[in-house]
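Pasting the structures here.
Look for chain A in each of the two complexes below; its partner is chain B in the first and chain C in the second.
Up next, the complex of A and B:
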């Protein structure tokens, strides 16, 4: 029997949702301040209006639904899934007010793409966008990469138990430190430390590449946020191609890889346990899959004779591949070039890389390395069972921070999420094919959206069907949250309708 | 005296410089030159595979038919966006034609006239670039770019003043009123 949710459940959810919205509202003050500093009057008003709307909504929810009860698992999951939808709508307001998005749906698309660290965009005339709006586009990637509710946990939520349920709901099933509040703050510490270092490195590269100092550091900060959070937005319409700089590309590759690493691994590296890099199952799997998918991509590019030399092939092929594998979505080629110049084999390499993703508890999307590693270990175990005598006891171990025995529960969980991702990739592909796009292009764009990558082969445009935009928004949302909180929300609505 | 090559009469007179007089056969020269030009043109087109596109080509055309334009001299027109990035005696200028921006690699002497680059509230200079198009430039790591041979300023860009929508101002003031009201209600509830 399904139990119908009570008013008390709605109040608890509303209260914590209000807290998350309040946290989000205050982040809008950053671009508003930049707009004032740069004398961008219109954008300053856009952000002030958006801040007011968010603050009013947050205050009304926290006051109308005031409770002093900790969240249970179901409520925590629903708060997370709803927070991301509300954040998408509120984050889209300043974008829409700028006039650079053709409709509110397009602004919502970019807002979800930003929060979910995807990087697909429907922005118009990006090269004339204000500094404030550009900062917001990248800031939402930084917020979404760390996790929207992590802000609320870090600054607004008192109870540790409720905080942990929201933390898990946001696809972070690993605690780095014993306390979830300390974990959230550590994630911010890592991110802000790298933000400073990354901005300095990219800013210096920009200056050496002929950019003015302010622009170089502004672009540096924006590109860092998009790279570390494996987002993929960039301040200019040409994305990373705008800079025409190999140094810039090398630095962004390093940042993308850092973003694709588990925060728990970052912690151990920071604590001096550097051997973990070569022992950890996720890192080993990541190196193997990067190597394998690059071989496929390079073979495809060489076969089609796309680039005039080995250096150009490596620079273009490896960059798009690593960008896809880490789930970033930076491009140094035009979207149409994927379609018109890259062979199907090369595209298959990139699609495979996008589908696999980075590490768990990182800022990447997709199936993720731990699950891929576990599935391969399980496969190896089964093969051993067949080969060895029947009486032999076969055990499989893997190393992830500590050495563990592989059990069926872990394998089942890894396979379940993997299957869910494959179904999600398939959903977008089907909708794309329904609207008349070629199969491989539809698969490419769908995988890019669901795995929160952001590479585009040209389907994502303001003129694409609204239903396809909604499909991609759903894919970005479900892919980022790794399904559990989305399934819980769907279950909640079913219980509202059918429960007794 | 009659010059056999150019079919013109050269007159030598005592005490004066030699002067050229067109004779009645000058129309033959024009006809010969025309034929020669047509021959050279067709030879160039059919045998050397080198084409000069006299009309500006769009970025979409260049990207979608990159193989056809690869290595050809093209004319491309658009707005300078971002900023001019100097690299030694050259610079990268990203030029947006309304659909896409393409990187133009140009010598500094060619881009001295560029004053405005498109950004927020700035319309960049409109320039016309004549140069060689590369689908995957070997010199620049496989970038799709144009190496400029000539850059012409077509239209000077300009800065415009920022403004705001009066309707949005009214909305912001109204929302501020709502916020103040919520704050007052909260204060009253607290008492």
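Up next, the complex of A and C:
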């Protein structure tokens, strides 16, 4: 029997949702201040308007739904899934007001793409977007990469128990430190440390490439936020191709890989457990899968004789591959080149890389390395059972911070999420094929959306069908949250209708 | 968290992580060279 949710549940959900909205509202002040500093009057008004709407909504919810009760698991999951939808709508307001998006749906698409660190965009005339709007596009990636509720936990949520449920709901099942507040703050410490280093490195590369210092560091900060949070937006419409710099590309590759590392692993390495980087199952699996998928891609590109030189193969072939594997979505080629120049084998290599993703508890999407590693270990265990004598006891171990025995529960959980992702990739592919796009292109774009990558072979444009936009928005949302909080929200609505 | 505040550990940690990223880049470049010389 399903129990009908009570008014009390709605109040608790509303109260915590209000806290998350308040956190989001205050982040809008950053681009507003930049707009004032750069004398961008229109953009400043866009952001102050959006700030006021978000602030009023957040205050109204926290006032009307005021409770002093901690969240239970169901409420925590629903707060998270609703937070991302509300953040999408509120984050889209300044984008829509800028006039660079053809409709509010297009602005919502980019907003969800930003928060979910995907990087697919429907923006028009991106090269003439204001500094403030550009900062906002990249800032929402930085916020979404760490997790929208991480902000609320860091500054607005007092109870640790409720905070932990929201933290888990945001696809972060690994607690780095015993206290979830310390965990959130550590995530910010890593991100801010790399933000400073990455911005300096990219800024210096920009200046050496002839950019003016302010522009170089502004682009450096934006590109860093998109790279470390494996987002994929860039300030210019040509994405990373705009910079025409191998140094810039190598720095962004390094930042993308750093962004694909588990925050828990960052913690242990920063604590002095440096050998973990070569022992950890995720790091080993990431190394192997990058090598394997790049071999497929490079073979496909060599077969089609697309890039005759080793450097060109590296800068074009490997760059798109690593961008896809880490879930970033930076491009150094035009979308049309995937269709016109790349062979099907090369595209298959990139699609496989996109589907796999980076580490769990990182900013990447997709199936993720821990699950891939566990599935391979389980497969190896089964093969050993067949090969070895029947009486032999087969035990499989893996190393993730500590050495653990592989058990059926872990394998089942890994397989469940993997199957859910495959179904999500299939959903977007079916809708794409329904609207007349070729199968491989539909699979490419659908995987890119659901795995929160952002590489595009040209389907994503303002003129694509609205139903496909909505499908991709759903894929980005469900893919980022790793299903559980999305399923809980669906279950909640079913309980509202059918519950007793 | 106390040990974490030691800047040496943090700097060495960052160096190790960057080295891992560079190892991936180097491996990829070697694969590119392999395909180039195979032609």
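Structural remarks
To be clear about the criterion, the second predicted complex is superposed on the first by the 500 of 500 C-alpha atoms of A that agree within 3 Å, B and C clash if a C-alpha of one lies under 4 Å from a C-alpha of the other, contacts with A are read in each partner's own complex, and residues count from 1 in each chain.
By definition in this document, a residue touches a chain if its C-beta (ideal position, glycine included) is under 8 Å from a C-beta of that chain, and two chains touch if they have at least 3 such contacts.
In this text, all values refer to a predicted model and were calculated from it rather than measured experimentally.
Using the contact criterion defined above for the overlaid structures, shared-chain residue A:340 touches chain B, although it does not reach chain C. Once chain A of one complex is fitted onto chain A of the other, the partner contacts of A:309 extend to both chain B and chain C. With both complexes placed on chain A, chain A has more residues touched by B than by the other of chain B and chain C. Using the contact criterion defined above for the overlaid structures, shared-chain residue A:423 touches neither chain B nor chain C, since it reaches no partner.
Legend: residue contacts after superposition of the two complexes on their common chain; A:210 is shown touching chain B, with no touch to chain C.
In the superposed pair of complexes, A:237 makes contact with chain B only, with no contact to chain C. Once the two complexes are laid over each other on the shared chain, residue contacts for A:277 go to chain C alone; chain B is not touched. In the overlay built on the shared chain, the residue A:257 is in contact with chain C alone; chain B does not reach it.
The intersection of chain A residues touching chain B with those touching chain C, taken from the two complexes, comprises 308-309, 311, 313.
Those residues of chain B that touch chain A in the shared complex are 63-64, 66-67, 81-87, 91-92, 94, 96, 100-101, 103, 105, 118-122, 135-138, 140-145, 162-165, 168-169, 171-172, 175-176, 178-179, 182, 186, 189. Partner chain C is touched in their complex by these residues of chain A: 177, 182, 186, 193-194, 197, 250, 253-254, 257-258, 261, 266-267, 269-272, 274, 277, 283, 287, 290-291, 294-295, 298-299, 302, 308-311, 313-314, 317-318, 321-322.
Here chain C touches chain A in the complex through residues 1, 3-4, 9-10, 12-14, 16-18, 20-25, 27-29, 31-33, 35-36, 38-39, going by the rule given at the top. Of all residues in chain A, only 39-43, 45-46, 48-49, 52-53, 55-56, 59-60, 63, 97, 127-131, 209-212, 215, 236-238, 241-244, 246, 306-309, 311-313, 315-316, 332-334, 336-337, 340-341 touch chain B in the complex they form.
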